[in-house]
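There are two complexes below, and they share chain A, which is joined by chain B in the first and by chain C in the second.
Entry: the complex of A and B
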């Protein structure tokens, strides 16, 4: 197949375009999708690029179908993905619960918009609950929350590898700002940076006659005995807990001597980092902690933090969705947990700075 | 089934170690699946078929065949099979579902797959109600028929008439589609319809859809003769057997009651 870029290429583009390029770079085979703002352009760019690289696309009748066809794609042994947002993410939870039950390496890109309901098509961080813990299950998923276009590119590529390596449904959690904004980044062929792309394998439609050359490959999601389900699920939970330390990612700075650590994810993290830089320059002992993976979280690091610092401030464009995840891990820690919630609206560095000053006064 | 000492001939594609199957005695599902297995045998496609079953009593077929199989969600077998087919067009994809799965909760998937001309085969067992959940009304419940949610009989005034699912599908399906209704009362015809549906997929003509009139004595609370009366007389009054749509220039040669 034709090379995407001569190893590296500087680009200035929207986040949605970045995702389409990243999926190509990750050697995704097929996208299934249903229109919803602000993720539409992922499909738009994919459908323009796909035929040139021998890739496929199917526009489905709704997000239930987009999710279930994605399941079909991965079970057939292809790298398949979809993208959605808001009410579409709500519908996506049904297929993703099946992906959890069958350990299917689906990749879903979510560009968060305002909620609940139809709300705004613009931006939020209100799809954390649903993306991390949605569906009728235990949230056995992997969720990367990106904060820049470079990360959208890096983590979309990574999501395919993570999904196929560990066989848990994997999500890239962006938002409307990242989706629509233009930013510069470097596109690259993963191999040129030493990233080995994991080859997909079929669950179904394997070689040979089932029952003759090999046992049939058969997958179910219903169980008649409680114990049967319990055993299966506890096996999954064990697998999940085992991979947590390898999968969990975070970023932190200035926490060692901090009087206040500001916690946030996604694009809000950029406001936090800028605020922390300014405050530090002014001599205030402030640090930041940013979970990159929201599922699983970097539990030991968060525990250490909440046992060591006096105050933590969780900042998010939602009413406590990240804070709830952090507080659960932090339980028993001594840090005072403060919050700054702005559901469905953007947060600037100045606002974070002002809030931090108020706290430290 | 199967307590006589002489074992009936099973299709080659049946998985022997999971028999006897888990359906109730007198159930229509295994009869439909037997016809399907025979059609698969005759076409010699066991190595290429992927079988998907819905949630409903069809879920019991998840280990029924020596075929690669996936049990999906209620109504979602059509999109799972669509996804597989789009990703691997060389596979032959069969979506097996109940009337609740196909005509109610998953009706948008069935109609949309037909309209897009997905090269898959959908097989729907019509037993006029939701069997797995204990016998509630389905879109196919006959007027006056008693179910758990129509204890005084289905009243078309408030709940409508039986859904003409075959007409619905064939009206949106493209030129290359094959749509037919068979019945467990006529297994030879049903098998020939299933075979032609699969051939339609294999020749990449278009969508294929078989509805099979089935029986659920458990929820109908019928004895053997009442069951057959319901399948052979009452159901066909609303659901006529035959080929509703055959692709232009092909597959018209099988007679109505084959």
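Entry: the complex of A and C
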């Protein structure tokens, strides 16, 4: 296959375009998709680029089908992915629950829009519950929440490796702003930065006689015995808990001496970082904590934080979806938990700054 | 964090505010600066007011949208009403002087209000199609975020293929941009103190 870029290339493009390039850089084989705003252009760019690099695309009749065909692609040993948003993400949970049951390395890019239901095609952080915890089951999945185009590129590449390494469904959680805005980033060949791309392998149709040359390929999502399910699931849970510290990522600054730590993820983190910078320059003891993975969370770091600081402010473009995840981990900590909820609307640095000032007064 | 220039462009669909915003952001990026451009979108994109948000800075840019612009440009009556919320005491508010019946609705809290006859100038002296290039010149003139030459290069990059076929178009566009810079400078001269 021809090289995408000569090692590195500066670019100025939309987030949706970034995802298509990242999937190519990650050597994804096929995208399955169904259109929904604001992620449509991921499909558009992929279909434009794919034939040049001998990649495939299949448009399905809905998101249920896009999810299940992604599962089929993965089982055939292809690096397969899909992208969706809003009500499409709701439908996507059914196949992703199956991927969780069968430990399949599916990759889904979500560009959050407003909810519930059709709501807005624009922006929100209201798909956190659904993406992090999913349909029926235990939410054994990995969710990266990006905050810039560079991260969208980096983590889309990483998502494929994470999925194929640990065999849990993996998600890149963006939003409509990230999808539609343009900013600069550096595109690169992962290998040029020492990133080894994990080779996919088929689940089905392997060589040899099943049960003789190799274990039989049995991937079930149906059980007749409670105990049978329990035994299998507890094995999964154990695997998941083991990889949590390895997979969990966060970013924090200025928390050591802080009177107030502001917590947020995704694009909202940009507003938080800008607000904290301004407040710090004015001599206020404010820090930030940003989970990069929403699932699993960086549990020890969050516990340490909530045991050490006086006040925490969770800021999100949803009504407590991130806060609920954080509070569960923080249980038993002494920090006072304050919240700033703006479901379905953007949050600016000025608004975060004003809220922090009010708290510190 | 360094100084960030925040620009809001608002107009009717088809007036070209999104392409102007895109070209300015791209030109700034080419200059090695941080740039972020986001269109408003949604159902109102069809037949509604089109708003573009641009930020240019020397350091990391925060949230893609913001509360107060340094420059707010409104190109229709509805756009004046829609964009007034982004005006603060340090904002330069630019609007087309040909818009009728908005006198009473101009954001009086703006630091400076500059009416420019862009629509009329485009029609009379150039061609209606270069209206948005005049606006681009006005933004470049009012903000100084990018040198005029880089703005021209960015237009060349975008429309170069058309200029190749019709070299006259290049001159028309570049002149229109220069005129945009002049219009803002002239309007600023007549600002009541």
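Following the convention adopted for this analysis, the second predicted complex is superposed on the first by the 352 of 361 C-alpha atoms of A that agree within 3 Å, B and C clash if a C-alpha of one lies under 4 Å from a C-alpha of the other, contacts with A are read in each partner's own complex, and residues count from 1 in each chain.
The rule we apply is simple: a contact is a pair of C-beta atoms (placed from the backbone, for glycine too) under 8 Å apart; a residue touches a chain by one contact, two chains touch by 3 or more.
These numbers were taken from a predicted model, which means no experiment stands behind them.
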item	value
First, second, both or neither for A:183, with chain B first and chain C second	second
Touching partner for A:56 - first (chain B), second (chain C), both, neither	first
Dominant contact partner of chain A by residue count, chain C or chain B	B
Touching partner for A:95 - first (chain B), second (chain C), both, neither	first
Of chain B, residues touching chain A in the complex	13, 15, 46-48, 50, 55, 59, 62-63, 65-73, 76, 79-88, 91, 108-109, 112
In the complex, chain C residues that touch chain A	1, 22, 25-26, 29, 34-39, 41-43, 60-68
Chain A residues touching chain B - in the complex, by the definition given at the top	29-30, 32, 56, 58, 60-62, 64-65, 68-73, 75-78, 80, 94-95, 98, 102, 202-206, 208-212, 216-222
Chain C-facing residues of chain A, complex	12, 37-38, 120-122, 176-177, 180-184, 267-268, 270-271, 273-275, 277-278, 346-351
